[in-house]
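The following blocks contain the structures, represented as structure tokens.
You will see two complexes here that share chain A, one where it goes with chain B and one where it goes with chain C.
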Partner chain A sequence: MGIDPVFALAAAVSVVSGLMTVTRRNPVYSAVWMLACFIALAVVYLRLDAPFLAAMHVLVYTGAILVLFLFVIMLLNLKPEEFPPEPSLPAKGVCALLCLGLFGLLAVPMWFAAVELQGGTIDAKGPAFGGVEYVGEALFGPYALPFELMSVLIMVAIFGGVVLARRKAA
Partner chain B sequence: MISNYLVLSAALFAVGAFGVLARRNLLIMLMSVELMLNGVNVALLAFARHWGSAGGQHGQVFVIMVMGVAAAEVAVGLAILIAVFRNKKTVDTGDLGSMKG
Partner chain C sequence: MHNLLETVFSHPAVRGGAKIAFCIGFFVLALVPLLVILERRISAFMQNRVGPDRVNLPFINRLGGILPGGLAQPLADAIKLLFKEDIIPSGADKFLYLAGPVLVLVPPALGMIVIPFGSNIGGEPLQVAHLGVGILFTMSVLSVAVYGLAFGGWASNNKWSLIGGMRASAQLVSYELSLGLSILAVLMLSGAMDPKGGTVDPRELVQRQADHGWNIFGGGNPWLLPAGLGGFLLFFISALAENNRLPFDLPECEAELVGGYHTEYSSMKFSLFMMGEFVGMILMCSLMVTLFLGGWSLPPLFGALNGANEWLAGGSILQGLVSVGIFVSKVMVLLLLYIAIRWTLPRFKYTQLMDLGWKRLLPLALANIAYVAVVGVAASGGQP
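So, the complex of A and B:
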């Protein structure tokens, strides 16, 4: 089974920049590495023939979430001596081992399950897969109620954000 | 082809989990949660693409739901972070033990 070179490159970039995100000491560097990770993931979505989701991913993650992170980093204005101390090296090693175990636990069964899947079904996607019409039909058809509920959730999050972050009236 | 995408998804999830476990900076822990959610999104989309016309829409709708929840989660999370920083002057989870029994 050959690996698509574009996918391989995007996957490598996203995992490496993900690792850089979680290991940088300065949150600003983390945010910039997370940007690289998100762009690479958009490429992965495009390789999965989902241009609409790739566009939404860039809009939501890099356009909204990352900007929000950068705003908060700017607001806090932490100096390097205010960064929290890092856990000791053995503690980090234990965490790394745990996460490697988690990776194995997730990846190995999924790998074998996917091999069985491949035998069971054809890899057919239909011509419209990933377009706005195709997703929108589901979003405003059978999923209309969850879709509207999500707008309620986001409104609650807006109110919650304002209430939590507001300066207390003296 | 779906296996490669699932392994990428597991890798992103594990990287995010490492960030949540091994870091003490609240900001970076929130970013790690975002990475984990992205790993889940890749898996959902890979399965949607695999099942194609039978269930391709459902998987993509799930991805959109995860994105919406992630946006809400990060807005509330960062608001809590600001409130904590305003009261305690720290983003270190080690200093936030006031609810310890």
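So, the complex of A and C:
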């Protein structure tokens, strides 16, 4: 079984643009590369038969969260001389090693899972698997409790934001 | 000849291509110039002026006075804009400066592909792409359009442009909430009366409205009438804000920001911004027609129009074209309403805009959802 070329291209674009996001010094360019990364990720989701996830990803992350990032970046409107200084080479090296280590922690189990799967078949539910109906039934059926707990978590984040904002005003 | 046409059109790629060609050719390329001249003539009429009435279509010359004058004005304007000097400011960020207008025009044009613009011709549904995520696709594509304004404003390296771009991004994020929530309410509303429950498939939404009644009238349930009407109003107001139309056109208000995000744009790049705005309006109105006003169907009122919708879905070429005509007429009525509002209401202050979005429309949209949820469950006899 070969690799789907669209998937491969989108995955490559997402990795490259992700790297560009963290290495640009101009924050607006970081946001632009992040936009490219998000759209490539949406294509990855589409190729993985998860159209609902793709649509929600674009709607929430691209359409709302990244716009707010961009809004704040534009509000600060940093000039080139105000950009953070270039980190030293050892600092860069340590960061790169840490990132690679984290990536390795994720990649090794995935690799073994992939090797295990080579013999068997994935429980393929077809294109309906990632559709609106399936995701909705899963979220409000067997996963209702974790789903509701997630909203409590978000509430906590909102309370935290309010508390922080009030402290600054006082 | 007839057989040849049938053979050619039996190929799915040809039928798909024809539908894409209609979608782009009509909703983007033909309707936009028409809207430009309508906007200018109607504003002139409302302000007791004459407006552009000189440039006529060549050869037909107003067909002996049947056509109004000035119909070819947008064409003349487009030719003029093409030959204008195309200036890129020296301090501008070239790539993002060029990406801005493209990102404004492409998303709304892309969003049109899931809109069913007619019933069917020979069983071929008049909708470019039948996606599982349906309306969600349009919503997510629409939410990307703000980047054109934000990038254009930032890349121009101009304070007015920057403020315009920032205003656009804050405004669009704020009003997307009430827009999305009013869509959610109408999806629940159309699911309340159907045994299959809710759906995000626009074709199915229109079919249900053809069978039971338009969603703006509660989708066949009189108890849901307030939710339908209220939801439509919420959607309409949010759509005005999403399209940066008066009274919400603060990102480009000429009194304080020269032109906002498009201050530094000239020639065709400027007209791409304008086109993007108009295509955005067309998409919003098409969404309203699909979600609330029954798409291509006629309202099943008083039994007088019984059977009309079955006839429209019949599948002959004539029936298909009539259904497209009904859809387009509804979109045109909404567009004329947009234009009339633009030349009637004054512009809000930015604080008022944010107050309206967050403190009025958002709670109202949430209340609307709660109402639909309670009444919907009651209507279906307690069976969710």
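Everything that follows uses one rule, which is that the second predicted complex is superposed on the first by the 139 of 170 C-alpha atoms of A that agree within 3 Å, B and C clash if a C-alpha of one lies under 4 Å from a C-alpha of the other, contacts with A are read in each partner's own complex, and residues count from 1 in each chain.
Just so it is clear, contacts are C-beta pairs under 8 Å (C-beta built on N, C-alpha and C of every residue); 3 or more make two chains touch, one makes a residue touch a chain.
All figures in this text were calculated on a predicted structure; none of them were measured in a lab.
Peer 1: Just to be sure I read the superposition right, which of the two partners does A:L145 touch: chain B = first, chain C = second, or both, or neither?
Peer 2: Neither partner.
Peer 1: By the touch definition at the top of the document, which applies to A:L89: first (chain B), second (chain C), both, or neither?
Peer 2: Neither chain B nor chain C is touched by A:L89.
Peer 1: Just to be sure I read the superposition right, which of the two partners does A:G63 touch: chain B = first, chain C = second, or both, or neither?
Peer 2: second
Peer 1: Contact-wise, after the overlay, does A:V32 reach chain B, chain C, both or neither (first, second, both, neither)?
Peer 2: Once the two structures are laid over each other on A, A:V32 reaches chain C alone.
Peer 1: In the superposed arrangement, which partner chain does A:L75 touch: chain B (first), chain C (second), both, or neither?
Peer 2: Both: A:L75 reaches chain B and chain C.
Peer 1: Just chain B (first), just chain C (second), both, or neither: which does A:D4 touch?
Peer 2: A:D4: touches chain B, not chain C.
Peer 1: Have a look at where A:A55 lands relative to chain B and chain C in the superposition and call it first, second, both or neither.
Peer 2: second
Peer 1: Who contacts more of chain A, chain B or chain C?
Peer 2: In the superposed model, B touches more residues of chain A.
Peer 1: Looking at the overlay, what does A:L41 touch: chain B (first), chain C (second), both, or neither?
Peer 2: first
Peer 1: Could you tell me if A:V132 is touching chain B, chain C, both of them or neither one (first, second, both, neither)?
Peer 2: In the superposed model, A:V132 contacts chain C only, not chain B.
Peer 1: Considering only the contact definition stated at the top, list the common interface residues of chain A for chain B and chain C.
Peer 2: Comparing the two interfaces on chain A, one with chain B and one with chain C, the shared residues are 52, 56-57, 64, 68, 75.
Peer 1: Provide the residue numbers of chain C that touch chain A in the complex, in ascending order.
Peer 2: 93, 96, 131-133, 136-137, 139-144, 146-147, 150-151, 153-154, 162, 165-166, 169-170, 172-173, 176, 180, 200
Peer 1: Which part of chain B faces chain A closely enough to touch in the complex?
Peer 2: Residues in contact with chain A: 1-19, 21-25, 27-28, 30-32, 34-35, 38, 41-43, 45-46, 48-54, 56-58, 60-61, 63-65, 67-76, 78-83, 85-86, 90-95.
Peer 1: Which residues, counting only chain A, touch chain B once they are in their complex?
Peer 2: 1, 3-4, 7-8, 11, 14-15, 18-19, 21-22, 24, 27, 30-31, 34, 37-38, 41, 44-45, 48-50, 52-53, 56-57, 60-61, 64-65, 68-69, 72-73, 75-76, 78, 82-87, 91-92, 95-96, 98-100, 102-103, 106-107, 110-111, 114-115, 117-118, 121-126, 129-130, 134-135, 137-139, 143, 146, 150, 153-154, 156-158, 160-165, 167
Peer 1: Show me the residue ranges of chain A that touch chain C in the complex, using the header's touch definition.
Peer 2: 28, 32, 35, 39, 51-52, 54-59, 62-64, 67-68, 70-71, 74-75, 77, 127-128, 131-132
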